[in-house]
Structure formats: structure tokens, C-alpha cells
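Chain nomenclature is as follows: A, B and C, assigned in order of appearance, with residue numbering initiated at 1 for each chain independently.
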């Protein structure tokens, strides 16, 4: 059952076209990786799904309903949440307050402050301090926790490993696996190909705004990936 | 010159100026919007109170029960219907649109009420004073205004730091785009912020109208006082705005001992000095 | 094989230049074919146009939105009245000196107000104007709060008879308007103009490219203040009577000017002309309706800012791809 489906998705930054007729399917409960070079259009794709970029209603279909072009706060209410690139925690808020704001739309579900702290114990220890004094890895966990607080069915993760030490990345992907095991659908955007493919069921490779390659993550051809990634 | 008396008068005046300034501080802190029509909205509140007092025969303090909800609605509509559309781009649209709104409000008031000065009569409380142990006489009304200012700021602090709405305000102030991604509807949030700012503006308007005479052209100088209090106190801190108001009030009280012209000029000079010596204000908090 | 070259003028701008010369010449001859009422009106249009061009240079090109230019109008006027009454200087010479005075005062002012940004800069400039107005009202020799007048003795120095005086002051008005126009136009065509556009678009980016943003902004601010001082002195030669309220009036010298520039088209040289004309037409049409025309003006300005930020001229220019004052550099092909 397709939870998220995009058809002919086009996206523009002013006059510049960033996505060209992107068709993507994400089934309920799947983890899908989106890989590609810097500037290929991966973040643009996530932003279009989240409503941060204009799109026609029919271009993005969620749980059978066309949602293209709706505003981000509506889309969060429907059950899609984003872990933005660069974490984007709120510096004026404490760790706990950052998590609480994730629950602003009060969607029913089993994620709450206690469960998030259980998943990320080091956040519980630091709940009262300003969010920007955390380390990179801890900030990433806080950003994920914040997104979980809205009890999403679909979690969009943008460049989780960016700027993090390998140890931190390992921990984060372990948590992701736990989240996926609960039935949450994940779309993971990554530049770290190996990590992304290891964590996902299927993958799409984006190159210059187009889907260059897609398929099951465990049947990957090295050569095909390189060609699709770099377009050489 | 009785320095103690001047100091006390100045501090209490600071309470009124803090009330003037809170609305400005709120809208800048949350939406980065400097509302040039702010002073005129204070005066508008005073005129609404006048209509209520004359039309319904209520005493001025009781008129707050009507003026505050009315200005709350005006603030929400103004932000949601007009000012929201000026945000997000260059600084010219919000500046010039609020400038236009300022001129429109002033002239509509002039059309509706004429140019002569008005005053809200609150009765005996205007002239009553308490005598403190040291022999110093302090006006009851200024004391009341100062107390109201303290309560107002304390409740605003509570709202900002202990409620979900306050959390949303602070988050949107940090990063409006990401706040939207967390489910915050910025259009509604900004409108609510302006509405709350108008609550304090309404309060300030009614209190100031009891204390001083006003007319449709009284707005701009109130904007300047509010602005000076905010800059002296430092952007982003509500208690700082109170301090800023008090510094302004004290400077004006010193100047008033010389002449009415010196009263206002002394305030401007204090503002200039702070601008030259410590441009970020006495207690700055906002990250730019 | 054709090459590329940088072109400045277009067909329209060349045609307009010819039209402009004819227009200025006929206006200069107005004393001979028009009445005194006509001269006053055209002079008023001329000095408002000058103020509008100057405000536009500051706000539309340099991004310095000032709500305090009335400070320099008042300073120029007071300098004129002081120089003629107390120093015995000839009125016309005093006009020039008043501009210089305003320009000099603007230098320390700039150092203070440049500490503020954006809308705070705007209100800050307003406070500075208020400080000047209040300070002047405390000085008895400047007439204090009630103001002072240009005595008949001073006025007669311009010309012995009234008609002669009006003609000379009228030519002075036209002359200052043309000079201001030329100053603004040349500034925009110069390196400073290019620097300004860069600063307006992105101050950090232009600073990183080596544009001295502070110095450029300072130069523009001072030049604008100087010219505004000239115009201020001129305005009060017409009015003959000066008071702090009149000289430093935010309504007369800033509100109206801002509306003209915004409605006409901020950031273009043609915009203020259109805005000025619209203002005067509206004023004539709605003369009996007092405050309503200000309300209308305010509403139009709000609508323009929300819907058509480039103003009336911007709409026309975009529709017909016109540029009457060539400040942009276009890429053209040279003949092969």
C-alpha cells in the first residue's frame, strides 16, 4: 500500500527548475533512501512533500489524498514530519522545550516526552539546557526526537550524517532502525551512500532533479550507482 | 530641585512608557516588524475608550472591559489581513505600509473627532497622593500605572516562558520556517502576537488618556517614546523595556524641572547617549 | 562578426532628453507668459520633486529609509534666516551656504544614526529631527517657539520689486530642481551608483567584494542632506516665515515626499516625477476634502507597496520596457 506517491513532481526556485517530473513511491512501513550528489534535488524533494515549496495538488499523494501545495503546518497535522537538514533546533528553547514544540499540533500516538527520553537517554540528562549547547550528534537526536513528538506516520530525514563523527552516525542509524521497526515509514536523504543503502529497503538516486536510478537496496550494482550519481 | 521627588516621578513615569513600549517590543521580537502606526494605535485606544465612556456612561477603568477586547480584535485583523503580507521580503514594505496605516488612522480620527484635545476623567484618583514616611508625596495614579506595568510584564514573561503559546512565539522568533515545519501556523501566530500587543497598547492608551490630554495627532510622539524605551532597554527583553522606560522617565523628569520643552528634549538626549555609548541597549537579548 | 558593447542610452531616453530640454526652457520662460500664481505652483512642484528625488536616492538606491529628512529642511531654512538676519549675508548666497551647513551637520548625525539598522534607523532619524526642532525652539535669537520672519530689508536684497523677486526666486527653484536632478543622476551613473545598487541588494556581499559600504553610505547621506538643506532654504524664502513646527514638519516634508516616491515608483528616477504629478493632481481635485485626500494617499501608498512595489512608473516601464533616464548599463551588439 503506497503511503506516499509523487507523480510528475516539478519544483522551482523562482525561475530555476530544481525537480523534473519526479515519480516516487513509498509503501507503508518501508524505509526508502534518496541518494545523490550535492544540489541534485534531494532536499528540494523533501521540501516539496512538506509543502515548503509550491506544487500542484495531484503531484504529491499521501495516503490516497492529494496534498501538493498545502502549507507545512497542515501537512504535519496529516502525519508527515521532517528532520531538517542542519538540525535547525531552536536556540532560544531548551532541549525539552524543543521536543515539546514538536508536539505543537497534538497528534494522537504513542510518542511522548518520556518515550523520546527513553530512546535518547543523553537528552534526558540535558533536558533543561539551551539546545544549541549540545554536541552535533546530540542535536541530531534532539531533532529526530522533536519530529517524533508529532507522532508521524511518515518521517522525512534530511542529511542526518552531515557533519557528524562516525560514532555518532552509527548511534543515530541504530535509533532509526528502532523507529522503523515500530512501523514508521522513513524517507532518508543521504550523501553517505553505503550508510543509506544499508538502512533502507529501496532506494532512488537523484541526479540534476531527475530520478536516475531506483530499485531494491540489497541488489545494487556499484557501476550503475556511480553512473546514476555522477551522470558520467 | 527635590531630587528624590524627581527620581520617583521619573521611575513611575517609566511604568507608563514601558506599557507604551511592550507592544512595539513584542511585534519586533516575534515578527521583526517595527510598527510605525504603534503610537496611533495607542491614541486609537484612547478614542475608543472616550466613545465607550461617553456613550455608555462607564468610568474609564471599567471601559477597559470593552477597549481591550476591541483592540485585540483590531490587532488580529490588522496583522492577519494586512501586515502578514508585508513580511518576509525587504524592509521597505512593512515600514511603508505601517507608515501609511499611521497616516490613515490619524486622519480618520481627525475626520471623526476633530482636532481639539480630549481627556478621560477618572475622578479623584487623578490628584490623590500618598505621603511616604520620608515626607515625600507620591501620586496614587502614577503608582497604580507602575504597578499595572509590573503585573503586565510579569504576565507576559509567564506567557512566554511557561506556556505552549509562548514556546511557539519564541520558536517562530528564532526560525519561522522551521517553526512551520513543526506544525505552527505562522499567519495565525503572528496575528495572535499583534492582538496580544494590542492588549497592552489598549491598556497604555486608556491610562495615558487619563493622565494627559490627547488629540488625533498625539500618536507619533508616543511611538518615539516607546521606541526610545525599547532601544535604551535593549531589544528582546521585557524587563529591559521596563528599565528603558524608567531611564527615559527619569531623564524626562529632570528636564521637566526646567520646562516642558526640556522634558522631551532631555529624553531624546538620554536616548542619543545610550545610542552612542551602548547601541545594543542596557539589557539586550535578541540574537540578530 | 559583431561584438558586444555597453550601451547607456536608448531611443526613448534620447527622445525624452530632447523633450526635457524643451520643457525646462518653456518653464524658465514662465515669468513672461504666466501669472504669479502659476510661478508659485510650478516652484512648489519643483521643490517637492527635488525633495522626492533626494529621498529616493537615499531610500530607493542606498536602502537608507529615513523618516527624518525634515531635519535638513529645517536646518537649511534656519541657516538661511540666521545668515541673512544676523550675519548680513545676501539671501541668494545664504541659500548656498545653508546647504553646506546642512551637509556639515549631517556628518556627525550620520555617525550616530548609522548605528541603527532598517526600521530602527528610520525612527532614529525622526528622533534626530525632533531634537533639532526642540533645540531651535529654545534659542531666542532664532525666534524661539513662535519663529521668525524674513524682514522686508532682507527680501528687498533679492530684487527691489515684488515681481522681480518672485521671478528670481522662481528661477532659483527651477535651477535647484535641475541641479538636484543632475546630482542624483550623475551619482547613479557613477561608480557610487553601481556600489549603491550592490549595497542595496546585499550589504555583506558587497562589503566582501571590497565596496566600502560605510563610506559610500556616508557620502550619499551627506550629499542628500546638503541638497535637502538647499531646498529647505529655498522653500522658506517663498514662505517668508519660519517656525520650528513649520521648518521641521514631518507631515509637510517627509510624509508627502514618501508618498510621492512610493506611489510613483521607488528606486527609479522617473518614479518621483510621476508621484509628484499624481500628488498635485489629487490635491487639486480633492482640495475641498481636507483629510480625505491624505487618507486616500495613504491607502494608495499601502496598496502600491503590497501589489505593485515598483509604483506607477514601474508598471508603465515594465509594460513598455521604457527607461527615460539611462542609468542601467545594457548589453548591446556593435555593428559588424
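The rule is short, and it goes like this: a residue touches a chain if its C-beta (ideal position, glycine included) is under 8 Å from a C-beta of that chain, and two chains touch if they have at least 3 such contacts.
A quick note: this is a predicted structure, and the numbers were derived from the prediction, not measured.
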{"item": "Identifier of the chain whose CA centre is least distant from the whole-structure CA centre", "value": "B"}
{"item": "Top-ranked pair of chains - ranking by C-beta pairs in contact", "value": "B-C"}
{"item": "From subunit A, the most remote chain by mean C-alpha position", "value": "C"}
{"item": "Chain centre separation (subunit A, subunit C; CA means) in Å", "value": "54"}
{"item": "Rounded Å distance between subunit A and subunit B, as computed from the means of their C-alpha atoms", "value": "43"}
{"item": "Cα-centroid distance, subunit B relative to subunit C, in whole angstrom", "value": "33"}
{"item": "Touching two or more other chains - residues of subunit A", "value": "none"}
{"item": "For the subunit B and subunit C complex, residues of the former touching the latter", "value": "34, 36, 82, 85-86, 91-97, 99-101, 103-104, 107-108, 110-111, 220, 223-224, 227-228, 231, 261-262, 264-265, 268-269, 271-272, 275-276, 279"}
{"item": "Residue ranges of subunit A in contact with subunit B within the complex", "value": "50, 52, 71-73, 76-77, 82, 84, 88, 90-93, 97, 100-102, 104-105, 146, 150"}
{"item": "Parts of subunit C lying in touch with subunit B, wherever the complex brings them together", "value": "59, 65, 67, 112, 115-116, 118-120, 122-124, 126-127, 130-131, 134-135, 137-138, 145, 250, 255, 258-259, 262, 266, 291-292, 294-295, 297-299, 301-302, 305-306, 309"}
{"item": "Subunit A contact footprint on subunit B (complex, rising order)", "value": "164, 167-168, 170-171, 173-175, 177-186, 287"}
